[in-house]
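Common to both upcoming complexes is subunit A, partnered first by subunit B, then by subunit C.
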Partner chain A sequence: MKISVHEILKSQNASLHDDGLALYQEVKKNISKQIEDEITIDFTEIKRCSTLFLNASFGKLLAEFGEDSVRKFIHPDSYAQILNFMDKYNDMWDNFKNKSNYQAYREEAYA
Partner chain B sequence: MQTQEVYLGQDGIYTNSVGVKQLLDFYEDCKKFTDCIIHIRLDNLLWLDGNLCALLGALMFRLTHDNNLKFGMDAAEVTKKCSVLFHNDFLKIEQDIDLYKKKSSIPFKGFYPKQKDEFTDYLDNELLSHKAMPKFSPEIKEKLIDDLIEIYGNIDKHAETESPFFVCGQHFPKQEIIRFTICDLGVGFYKKIKQIKPDIIANSGDAILWAVDGNSTKPDAPGGKGLKNLHEYLSGNKGGIQIFSGDANWCSKEMAQNITMKPQGISQLKKIFAGSSISLEFNKKVLLS
Partner chain C sequence: MDIFYLQHNPVPKEKSLYVFDSNVWLPLLGLESEEISDRYSEFFSKVMKTPGCKILLCPIQLSEILNRLLRYHAKIAYDKKYSNVKGQKPNPSEFYKGEYRSSEDFKKKYATILDDIDQYSEGLKFCDIQTNDFATLTTFKGSALDFNDNYLYLLAKEYDATIITHDGDFHDLDIRVGTYNKKLYQAYKDSVKPIAAPKPQA
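Coming up: the complex of A and B.
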């Protein structure tokens, strides 16, 4: 399955927290409890992508489905035109792994 | 419509708490009137930091909206006393544009909270590509845009306002610095941060410090590093940040030697500003070295 970021956002800028949540919701709509099929997140036509966006999309999927599932099934694609994309993507993984801050917020939110 | 006269300020209006207080005094003087034209007098004014047009524009927008005020200025007086208002497009002129536009100004503009793409273009093409700015590497430029967009995102998400936010920048060639101010008319830092951290946030000053420390009000994913990153980058290059919100004023401590952005740390504004004004200072001398 391929999900186009540009089609969801109608913009070349995937930059906001809400943009990331929109992608997260779109991915969630297409999976049940477990991710069982490969999902390609297509960044064609996206010019700019922020770590904030990746935190709110991939980061949130990581928190919900775990590292193994996301690494195995959810892949970004067609991002060569986005400056430093992989650096930001790796930052997002680091943010997830550094859970102390993040987990505190989650616990508050779901309390 | 009746016309009333209000003085904009006196002596110099600089990017510091005294300058901001002067603009808030102007706002309160205008607020006494409704349904009239305010003729803005510049008689006693010697200087206005161009970047503060972002705050001035925001305050005038609120007055227009809330009190149905219209504003006027004498063009000859503006030319003589405060021509920066022409240079940066605060006052639009359509004739002899080349005569009035100055390379030292980064244009005054307003954006509605949903104008993400327009604001991103402004940052890319007007602010960070301005001739006065150091030539940033693509990576640094990208990071600065990310951090500034995060500030914009907070206005969109947390400021609880449909009003536009305003931006303006100014190059100060003698000091070799560029100042950029972004100003919104939302609820400020305090309300949202107090909601999620009631035990540790007692006032606007606490809320500003909490945000600058890299914390976030977003409960569902990590984030909130925009202000912290900008603070680290600018202060690390002998520039700085200054924030006004509610009744508080914060200036990065590294600015202690700078006379116009003092005082360092949190101080009371002695006025309430219902919104947020964030001024960034890029030190060209250091960034170019």
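Coming up: the complex of A and C.
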């Protein structure tokens, strides 16, 4: 199954929290309790993407379905035109994976 | 002083100006805090989508945000490199200046933070306060503000903007404040309650 970010957002920018939630909801609509089929998140026509968007979409999917399922079934695609996409995507993943390890650093940043 | 509670789902008025406190900027730029991230992110989306609304961003705040985020990433990089190293190694501060700032990771992180901020540039107004009076800059209005908080207060005051913050220190100020911090909101509500009239004597 392919889900087009551009079709959901009707915009070339995937920047806001709401945009990320819209993608998250669309993915959720297409799966039941567990992810059983591959889902491609298609970024064709998207020019910019923010960390905030990735946290509200992929971050929430990771929290709900777990790392193994998301890694196996949900894949971003056609994002080469988006500056720093993979850096942001990897950071989002790393922050999720090491949430408790990085807690002290987060608290220090917020202090 | 006027504090409104973001839990009440307020809609930003067109052409309103806001100052987002640095602790609110951090989750918007990827440093999530479970307690507050989604709530302020929702309001940020509303502001960005409301015609004419702008979030003010001054150089001192931009510097603070960049430093906090980059030092967060530096600590992670330090751990990855040195957590298993025994014997001689730099301390985190030496690592930041001596190694991290010239690393590829620093360049990538810096570029991604700037790219994120730039994506919101239509809804941002880069500006600064006009005052350069030493006493104004260093005399804090609120009971518990620090220099940077006071600077944001002065910015909001000068532009008639609303501060969006989770920081309980932003009370007793003559500006509008929006928050999800229940304690801050409750303290404000308690402060504006009318004093109960004395009971009539029998």
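As a working rule, the second predicted complex is superposed on the first by the 98 of 111 C-alpha atoms of A that agree within 3 Å, B and C clash if a C-alpha of one lies under 4 Å from a C-alpha of the other, contacts with A are read in each partner's own complex, and residues count from 1 in each chain.
Assume contacts are C-beta pairs under 8 Å (C-beta built on N, C-alpha and C of every residue); 3 or more make two chains touch, one makes a residue touch a chain.
Not measured: the values here are computed from a predicted model.
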{"item": "Contacts of A:59 with subunit B and subunit C, given as first, second, both or neither", "value": "both"}
{"item": "Which superposed partner A:12 touches (first subunit B, second subunit C, both, neither)", "value": "first"}
{"item": "Touching partner for A:93 - first (subunit B), second (subunit C), both, neither", "value": "neither"}
{"item": "Which of subunit B and subunit C A:83 touches, first, second, both or neither", "value": "both"}
{"item": "Contacts of A:51 with subunit B and subunit C, given as first, second, both or neither", "value": "both"}
{"item": "Subunit C-contacting residues of subunit A that also contact subunit B", "value": "13, 15-18, 48, 50-52, 55-56, 59, 83-84, 95, 98, 101-102, 105-106, 108-109"}
{"item": "Touching residues (chain side subunit A, partner subunit B) in the complex", "value": "11-13, 15-18, 20-21, 48, 50-52, 55-56, 59-60, 63, 83-84, 95-96, 98, 101-102, 105-106, 108-109"}
{"item": "Residues on subunit A engaged by subunit C in the complex (per definition of touch)", "value": "13, 15-19, 48, 50-52, 55-56, 59, 83-84, 87-88, 91-92, 94-95, 98, 101-102, 105-106, 108-110"}
{"item": "Footprint of subunit A on subunit C - complex, ascending", "value": "23, 26, 28-33, 37-38, 41-42, 44-45, 48-49, 68-69, 71-72, 75-76, 79, 108-109, 111-112, 115-116, 119-120"}
{"item": "Touching residues on subunit B, where the partner in the complex is subunit A", "value": "116-117, 120, 138-139, 142, 145-146, 149-150, 152-153, 156-157, 196, 216, 218-223, 225-226"}
